[in-house]
Amino acid sequence: MKELQELARKLLTEGTVKVVIGYEQGPRGVRPVFVTDAADCEKLIFDRRCVTNLATYLNPRRKPIAQLGKAAIVVKGCDARSVAGLIREKQVERDSLAIIGVRCGGVLEDPEGDAELTSETVSVRCGGCEVREPKLHDYLLGELPPEPPVNPRRNEQIAALMKMSPAERRKYWDEQLSRCIRCHACREACPMCFCVQCTADKSQPQWIDTSATLRGNRAWQTMRVLHQAGRYVDCLECERACPEHIPLGLLARFVADSVEPRFDYVASDDPAACTPMGVFRTDDEEEFIR
Amino acid sequence: MTQQRFLSHEGLVALVTKLVAAGTQVIAPVRASDDVEQVDYRPISKLDEAAFGVRLPRRPLKELFLPPTEVLLYYRQTKDGVEISEVPTNARPRVILGAVPCDAAALEVVDHVMSWDYKDELWFARREATTIVSLLCNLMDAACFCTAVGLGPESFRGSDVLLVPSEGGGYVAYIVTPKGEALLNDSLAEASEAAFAAAEAARSEARKKVEPNLPSIPAEFSQWLAKNFNDPIWKTLSLRCHGCGACAALCPTCHCFDIVDEHDGSEQGVRRRNWDSCQTAKFTMHASGHNPRATQAERFRQKVQHKFSIYPSRFGEILCTGCGRCSRNCPGGMDLPEIVSELMAKAQAGPEVNKQ
Amino acid sequence: MNIYQPHLMRIQEITDETIDTRTLKLEFRDPSVAAEFHFSAGQFGEYSVFGEGESTFCIASSPTRKGYIECSFKATGKVTNALRRLDVGDTLGFRGPYGNHFPLEEMKGRSILFIAGGIGLAPVRSVIWNVLDLRDQFKDITIVYGARTVADLVYKRELEEWGKRSDVKLCLAVDPGGQTPDWKGLVARIPTAVEQTVTNSVDTFAVICGPPIMIKFTLPVLAKLAFPGERIYTTLENRMKCGLGKCGHCNIGPTYVCKDGPVFTAAQIQALPQEF
């Protein structure tokens, strides 16, 4: 991706940024990279294996990264929505970032894979993508690829779940959530989980159990997913991080799909857009909150 | 000194049936219910439920000996104070069939800390009640490096028996311990010289597949790590690390834990031991708010130091069996062989460039 | 009975040392445990409120006094706040004794200089009473103790007792601004109080405990008095859980505070990786 490498080289040499957060080829598939030396810009790539949402690295608590200085970040349209969310929620200042948007035609499920994009290999979140050209950017690179194929798997899973009775659905989720070991990898990998002290870590009061029992696991996962309402971008970092392979994205998608019809809102890549849960207005539809 | 005998396929089938009938739990690699391409260690009732030689099980044997959460005691408030009830420290007899050698070895590595001055009865009750039958591993990939840490796909370490696939669907059985002997004694026949020679050849072939991944880690590496505690490389190596702790969860040798109390109603509850990881921010957080490992750079350093320097200096061996799960699952793309290589290269580059 | 199982203790007495520091005097509910229990000054335990959790404190009473143990703590978190809600007669848990201890045998026949600040007096108090209960086995005993204000001084009754003894040299100090009109002690921070009280280090061990900043500025004073690092003893705090070397929380490099400590010499601490 010469365009990207040249831009990165220019930004670093001119001192516009001190680090470019992008993707590189690692020992096992594509992974995040932090380029601080213009000579290393040839490491930067962008292709269908660039699955990770790099916005997680903008969390200001990640001091070793923040200390590198002003960052340029490579984003797909979906990632840009996370960046917009971080700006909107005052975690990151717009001016502190150089956003390199890259036009995207879908990514593989597996950053280690090398397959062509098909309805079986493409990530479940890519089908029907409306942000192939990231609107939040300082630079916009690449050519607009064709629309990504649709991987029906997630919608099939959701449809199957919605056909179940509440009791059956409860049984399904109890089976999944009983595997949770409360490692909180989902939280650490999530771009929108940036709280300095997570409710789950509070001991005064002890809001939820910390042990990996079904009682505590249900509380933890539903609490985390509810906190995503109106902020969820379906990047599926949580699922990729989960060592127990719990379909966390499925639970979060349900919350997102509940927000959309009620509030006519999906996570926006416009930092100025107001999230349904993030704004209080005196002319709110609901009387109880006015 | 191991002895080599022969275990036929029929012999193994019969053994499993006999064990299950006697109430012994038999655990083996089994195709995962959520993804048939993946394998998990699960209880089986018949040998044909097992899936040997398909894939490295997603999770190690650790959770069978140190569960993600376990009760240490029950308590109940009474008129006179508090009553506590013990948890049983005996365990159900189990046989693990078809363990990968890196998972079996890990248990012996962790035995050191679990018996350090105070014997952890909960861990050892399960250790004593379990017989481990490993299978020669041919499931290696680029993330594996068991040979670099003094082990190997053909290693006996931690196993009571090592099986090497042989003629007619049977196995050459290396009996490593008296426990292994007691388990298999009635099921074994003599192994022919040819079968034994073939098994030995298979063992060294397997080893050769892993060796190129990472050279043997020398003893001096542990000392170099201790002397270069303040090296700036920790920061650069850990930038992509999320501190998510998935590595620790999947690691066969990571054993750190937290102790918490939980109510179960207003009058009673439990004290539990839960998995914990040095990769989380609050692992070393003091009540005052002071945190000696305040950023991911320090926490990542702790992981490498504990595994490759601290544990060896206290217990004589590396707290890692080279199974590769941490690398395979890392959402940030961290790769332990790559990291160890980079550190070893720096160690070999010369005397400490960065003094403490 | 597994190694994580605590002894049951009953609260015999509660003393509020200051507004936020409380001392509990605990007896073993099981008389056979009480009869057998012994420990050495400097060791710690895991004290628990059932349903809330465990917390780490040193044993603040002396090993020479049988039948009970004492702990002193500030309510900062979930467990310590729960401890403060307990009453005389209530039951709590205790696991211990854990860790190493002050080398009293080595110190016999020599002099000891005790230096403490604020609640740091708690672990030092265990040694002080241990030594005073065997007074003739030691030479000169000097205690330099201070706090931010008069109200913050702990173990006030005992300070009075120590002050009255002719075989103890006691110097009390409060920070400038912390004195009351009738304050008779020094008005100085601990490093200065030590400078004003101690003239030499001949044949003397130093035992020092207190806030990190106090230790930081007192060590140079001790160095000027020619105390070698190997004769200065202190205790380290770190986040602890199991107390017995397995949970992995307390290590500083290869040193486990719960096994190699919590008592360390200044020389040992200087050699540690600076990660605490």
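In order of appearance the chains are A, B and C, and numbering begins at 1 in each one.
Basically, contacts are C-beta pairs under 8 Å (C-beta built on N, C-alpha and C of every residue); 3 or more make two chains touch, one makes a residue touch a chain.
Being a predicted model, the structure only gives us computed values, none of them experimental.
Novice: From chain A, how many touching-chain steps at minimum until you land on chain B?
Specialist: So the least number of steps between the two chains is 1.
Novice: Looking at mean CA positions, which chain is nearest the middle of everything shown?
Specialist: B
Novice: Can you tell me which chain lies farthest from chain A, using the average of the Cα atoms as each chain's centre?
Specialist: When every chain centre is compared against chain A, the largest gap points to C.
Novice: For chain A and chain B, what's the span in angstrom between their mean Cα positions?
Specialist: 32
Novice: Could you work out how far the Cα centre of chain B sits from that of chain C, in whole Å?
Specialist: Spacing between the chain centres: roughly 40 Å.
Novice: Centre to centre, by mean C-alpha position, how many angstrom separate chain A and chain C?
Specialist: 49
Novice: Going by the touch rule set out above, which residues of chain C reach two or more other chains?
Specialist: In chain C, 53, 77 touch at least two other chains.
Novice: Can you list the chain B residues in contact with two or more other chains?
Specialist: Those would be 258, 260, 262.
Novice: In chain A, what residues contact two or more other chains?
Specialist: Residue numbers touching two or more other chains: none in chain A.
Novice: Along chain C, where are the residues that touch chain B in the complex?
Specialist: Residues of chain C touching chain B: 1-6, 8, 10, 29, 48-54, 76-77, 80, 90-93, 237-239, 241-242, 244-249, 251-254, 259, 273-276.
Novice: In the complex of these two chains, what residues of chain C are touching chain A?
Specialist: 53, 77-78, 81
Novice: Give every residue of chain B touching chain C within the complex, in rising order.
Specialist: Chain B reaches chain C through residues 72-73, 75, 77, 80-82, 84, 86-87, 89, 113-114, 116-122, 226, 229-230, 255-263, 269, 271, 273, 276, 278, 283-288, 292-293, 298, 305-306, 309-310, 313-314, 356.
Novice: Where on chain A does chain B make contact in their complex?
Specialist: Interface residues on the chain A side: 26-34, 52, 56-57, 62-65, 111, 181-189, 201, 209-213, 237, 240-245.
Novice: Contact residues on chain A for chain C in the complex?
Specialist: Per the stated touch rule, the residues are 203-204, 206.
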